[in-house]
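Okay, got some structures for you below.
Here subunit A shows up in two complexes: once beside subunit B, once beside subunit C.
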Partner chain A sequence: MKYAVKKFLMLLLTMVAVSFLAFAAFQVVAGDPATDLLGTEATPEKVAQLRHEMGLDRPFLVQYGSWLFGFVTGDLGESYSGGAVADLLAARVPVTLMLSLMSFALTVLFALPLGLRSVRYGGGVRSAVHTVVNQFLMALPPFFTGILLTWLFSIALQWFRHGDFPGFAVNVGGSLWYLLFPAAAIAIPRIAQTVRMLRSTLLAEMDKDYVRTAIARGNDRSGVLYRHVLKNSLVPVVTFLAQTMAEIVAGSIVVEQVFNLPGLGRLLLTSIGSRDYPTVQAIVVILAFWVVLANTIADLVNRCIDPRLGGARA
Partner chain B sequence: MRRLKKAVRDHRNGCFLAGCVITGVLLALILLGAFWTPYDPTAMMAGPKLDGPSLAHLFGTDHFGRDIFSRVLKGAGVTALVAAGTVVIGGVCGTLIGALTGYFGGAVDELLMRFNDTITAFPSILLALVCVTIFGSGKYQVLLVLGIVFIPSFARIARTAFSSLRDANFVQSARLMGAKPARILFVHILPNTLHVLLPAVTIGFNNAVLAEASMSFLGLCGQPPEASLGALLSEAQGMLTTAPWYALCTGGMIVALIFGVGLIGEGLQSGRGERNA
Partner chain C sequence: MKKRILAGLLAALLCAALSGCGGGSGESGASGAQNSAGSASPESTADSITVGIAQDLDESLDPHLTVSAGTREVMFNVFEGLVKPTPDGDLIDAVADHHEVSADGTVYTFTLREGVKFHNGAAVTADDVIWSIERCADTSEGKAPLVEAFSNIQSVKATDDKTVVITLNAPDSEFLASLTTAILPAGYDQQATAPIGTGPFKFSGRVAGESITLERFDDYWGKKPAIKDVTFKIFESGDAMVLALQSGAIDLCAHLTTTQAAQLGDGFRILNGTMNLVQALYLNNAVKPLDDVRVRQALCYAVDKQQVIDLATDGTGVALGSSIYPTFTKYFDDSLTNYYTQDLEKAKSLLTEAGYPNGFDLTITVPSNYQPHVDTAQVLVEQLKAVGVNAQIELVDWNTWVSRVYTDRDYQSTVVGVDASSMTARAMLERFTSTYGKNFINYNNADYDALFEKTQLGAAADDDAAQVDLYKQMEKNLTENAANVYLEDLGDLVAIRSDLTGYQFYPIYVMDLSGVKAG
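So, the complex of A and B:
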């Protein structure tokens, strides 16, 4: 419990650091929004007045504090294109969240059994084929797989209609079905990477003395694999899976574009295009929080798997 | 058991060879493409419109009648250049930072690593997207941005490798003989970290190819005349119903690039890994 509290505090601290970094960066990037908004015909007095209204003449830390307070209470500021950033995001967060959760679920669902299976062949032709196929799958960029999946399932087989995402408000089942294809496009290289990682961890663990002893005492290989080796190799794998979360988020930004999904990635791109910094900033911070949260959850899960971790790593 | 291990090692070396062959062929094609392409990649009506792959047009033509093979060669050149540049910037700066902080340790090390942890919370493509809004979009801007974004991951790997060898016997004896830190770092420790750093370079290269292709796919780098593979793929997506070979050949080029270098990395990793284990 103490460990969980400690981790939670660390999480808050990291989130503050991450948001501070993002805020400071956008302070530099955005330049002076008041001048931008008023255009070239602005008089210095008008600029000064608008700066005061927008709170830009306050000290940097005060501005950060009020922005962070707003962020926590759900007020993400005003978009340059008019309207509250929170309203813009509200409809899009579920799409990206669901997409990354589905890709993650697919990754775990396929990678664990495949990884465990791959340990059975330690060398020889099957192992060589495994390595090559695995490397090939790792080389598939999500946006290319996305295009291939579109071609196969939308144009050739017509299982779903590309560009026609129903939205969660209208049709939940249909939306999930549509999301399955982009999720698969993101997940395929991740599955390959996780299988590779799991396989090398398991193989290293299989070489240890206790495994030899267990087999020598008459346990069958798969029993030892599931009961002892898997448990002992899970910790680095869970950490690795948390890191893939960052890659899944990155992949979803691009794949949303391929599948015409109204998610955070699409909004991010249009906002970058129109230099709408408050929106960009909010999205960047939300995505980063999502990654940090995944890492903390991984730490907690690892602690449950291996209680020794608390003292050494916290 | 030993025979099994030997078999594993041998096929891993096979990986290395196969990777070298694939990468070598692609490199030759890219170099060729830099000086000569079968057709002018931007010339309209180099052949019939929307023609499938044939001997005259290896990858077919698009709806303007442009030769896709020529376009892919040029595009692969841009992608490979940006990826290589990224790895050089990220690798050199990252190794330097990682070497210094790993070897000397102390407060600066602590501070930089915390900063590093914070940075890795942002997916690298997200950072790159945001940075492009500062530097503007274009081949060299993207190269610079990606290079900077890739520094932390190299720094982390180098730091771990250097700090683990900081108190090794051969380092201490070098120190006793009066070697200066610069000599210890780069003459004594660096060669012993290559088995970690070289695979990291191949992984970094692949990530850079992926990042560059993603960004140009999103339309954030490369002006139309010098479109990179990602931009071509985004163009190809619009012609998916009329010219599916366009997407297939362009995407296939990206896959081949990553696959080849990935195999090299795989071979490097285990070829030396066993000796150092």
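So, the complex of A and C:
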């Protein structure tokens, strides 16, 4: 219980700190919502007037405070480019959330079996081939995988039509099918990284004395691998997967651009461009929440896997 | 066993892939879900097309409040004024049937066209016209009028149901161009979200950040469009736009770069027009060393325009020499285009004369989201090296550019394109008068100011030829004083599905879809 409260407070603190930093960053860069709205119609007088109307001439801390107060009381504010921030988010969160979950599912689904298999190669040619392919896939940035997948599956094979995301409101099946390709684009490098991580952890564990003893006592290799080694290697792997959860969201911001998906990432980038503070703030807080949440879940799962951690950390 | 299953799966995948590849017609049916998206062969008939655009429209679609060129470009299909522009750069009557101008140039009498309806079905009356014009001329509460030229209006009156008389304080031969201002239903207050106009297409829906849809207006007074539905889809990433074109999700897309256009295959035709803007190395005339006319002229002599056009934009641009672009034929003065030809010796001696025998450091601030300007700046950097000017590119995002360069004028030089908000020379040239709020290059030349004043006064404003002559003198003034290093009007590449025809370029920044049809 105490643990949960502590975690929750940390979560709040992180979110406030991150939102403050994001707000502060905007004070440093040139341009603000007023210059964005006016564009080339801008004259110094017009900008000053609009700034005043929008309350942008107030001191920085006052602006941040009023945003924070609204946020805490459940009012995300109005986007400068129209509409309530809450409505903007409601339309986009499902896309990003589904994309992230699909990427994560793909990562786990492929990485665990592949990682386990790779350990059984031991050394030799297959291991070398495995390492080369793995290194190559690991180095692929998601936007590039995205373009490759589009060429292959959209332009050459015509399995899906790039840029034609139907939206969940219109067609759930079609939307999921479309999301499969960006999800794969994000997952492929993550799968490779997870496989490598799993393989090195497992191999290190396999060298331990208890494994040699178990094998010496007549247990077969794969039996030992699944029954003992895997269980003992899971803690770092789960922690790694939690990082993956966080990085998948980061990846989806880029991949949403490539696949023209109406998700949080696209909204974030346009909002930064137009200095739409309320929208950016809300998204930053959501992303921070996501990252902290993933780590908290990983902690909790690890405590279940290895009860010894509970005593050490609580 | 497992291996066999895997092999089977792979074989099945391969088969599906191959059949998907070969079967361009009919149902390829590799997956149920995929049919929702359709096969990638052009599914949209000429009945409906999808157009890719690079940014979302303004929050408000009210045409009187629109500031961004991208919004005006799209909504051109929805709204009309008393008059409207043609692809040739003329103005023809639209909501008006015909009009007369009094001999002294101050009284405009418009007779409204019979049978012009708003998209809500109501007929356009003189009241609507008066309401629309008065709304844009409103100066109550000390506001500037929405349409600057309307500050000259003395009165707008209806003499009968179909006749509107506009009286001006002083003659203004460019006044007609400002009457392209949209005519809207009187008192209608939902223009921002559910716009209603009289154009060939009517607004049918919008998803913020994603798309906007238009529908053919079947009661349009003029030639009705061949296309029934138009969807404008937003692709903020240029790569995503090209991929969507290749996969068939969009049928038409303007403002492509040459690299993007080159990636498209046989499915598309590339039409080559111009962007109707003046791209230049704009110089802050108020900062050292650019406040010296010899230095500015030296920069002009250092640059080879044609090489810029060839290298930065693959030869699609059209050279120019002052602040009027070539498609604006009435005012364009081609003799200024090659006023400065590359002459490194001359450039160096001018620099020496000005006290910079070893050149100087120059920062070129460029908005990073406009690739053609970035590419142009890169070529300029190399060319300027030859005369010892050590130029460096500073990339900034658009908002920073607007704030720092355009509004605060805190910069040395910048590469951008400047366009006209209306089809008048005034829109291009007034901006460099010394007291004008948008004079971002801080050009300060008494002769220039005097010339501009003359264009707006009595005799000249009344006499078209005299006014044109004055504007040309203003252009020459800019060139002679090397206000900026003028380069080109950028090429505008439009990709259009090869079975569609009828796309027309205009001398202003609009996208007219009313003529697009199959075959």
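Going forward, the second predicted complex is superposed on the first by the 239 of 314 C-alpha atoms of A that agree within 3 Å, B and C clash if a C-alpha of one lies under 4 Å from a C-alpha of the other, contacts with A are read in each partner's own complex, and residues count from 1 in each chain.
The rule is short, and it goes like this: a residue touches a chain if its C-beta (ideal position, glycine included) is under 8 Å from a C-beta of that chain, and two chains touch if they have at least 3 such contacts.
Predicted model only: the values in this text are computed from it and were never measured.
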First (subunit B), second (subunit C), both or neither touched by A:F160: second
First, second, both or neither for A:M197, with subunit B first and subunit C second: neither
Partner chain(s) touched by A:L267 [first = subunit B, second = subunit C, both, neither]: second
First (subunit B), second (subunit C), both or neither touched by A:V258: both
Which of subunit B and subunit C A:I286 touches, first, second, both or neither: neither
Partner chain in contact with A:V47 - subunit B first, subunit C second, else both or neither: second
Contacts of A:W177 with subunit B and subunit C, given as first, second, both or neither: second
Touching partner for A:A128 - first (subunit B), second (subunit C), both, neither: first
Which of subunit B and subunit C A:S81 touches, first, second, both or neither: second
Doubly contacted residues of subunit A, that is, touched by subunit B and again by subunit C: 29, 147, 150-151, 155, 257-258, 269, 275
For the subunit A and subunit C complex, residues of the former touching the latter: 29-32, 35-47, 81-83, 88, 147, 150-151, 154-164, 166, 171, 173-174, 176-178, 257-260, 262, 266-267, 269-270, 273-275
Residue ranges of subunit A touching subunit B (in the complex, touch as defined): 14, 17-18, 21-22, 25, 28-29, 122-124, 127-128, 131-132, 135-136, 138-141, 143-144, 147-148, 150-151, 155, 246-247, 249-250, 253-254, 257-258, 268-269, 272, 275, 280, 284, 287-288, 291-292, 295
List of subunit B residues in touch with subunit A within their complex: 4-5, 7-8, 11-12, 14-15, 18, 114, 117-126, 129-130, 132-134, 206, 210, 213-214, 217-218, 220, 230, 233, 236-237, 240-241, 244, 247-248, 251, 254-256, 258-259, 262-263, 266
Contacting residues of subunit C [partner subunit A, same complex]: 17, 20-21, 24, 28, 30-34, 36-41, 52, 56, 59-60, 67-68, 207-210, 233-237, 239-241, 243-244, 246-250, 369, 396-404, 406-408, 437-438
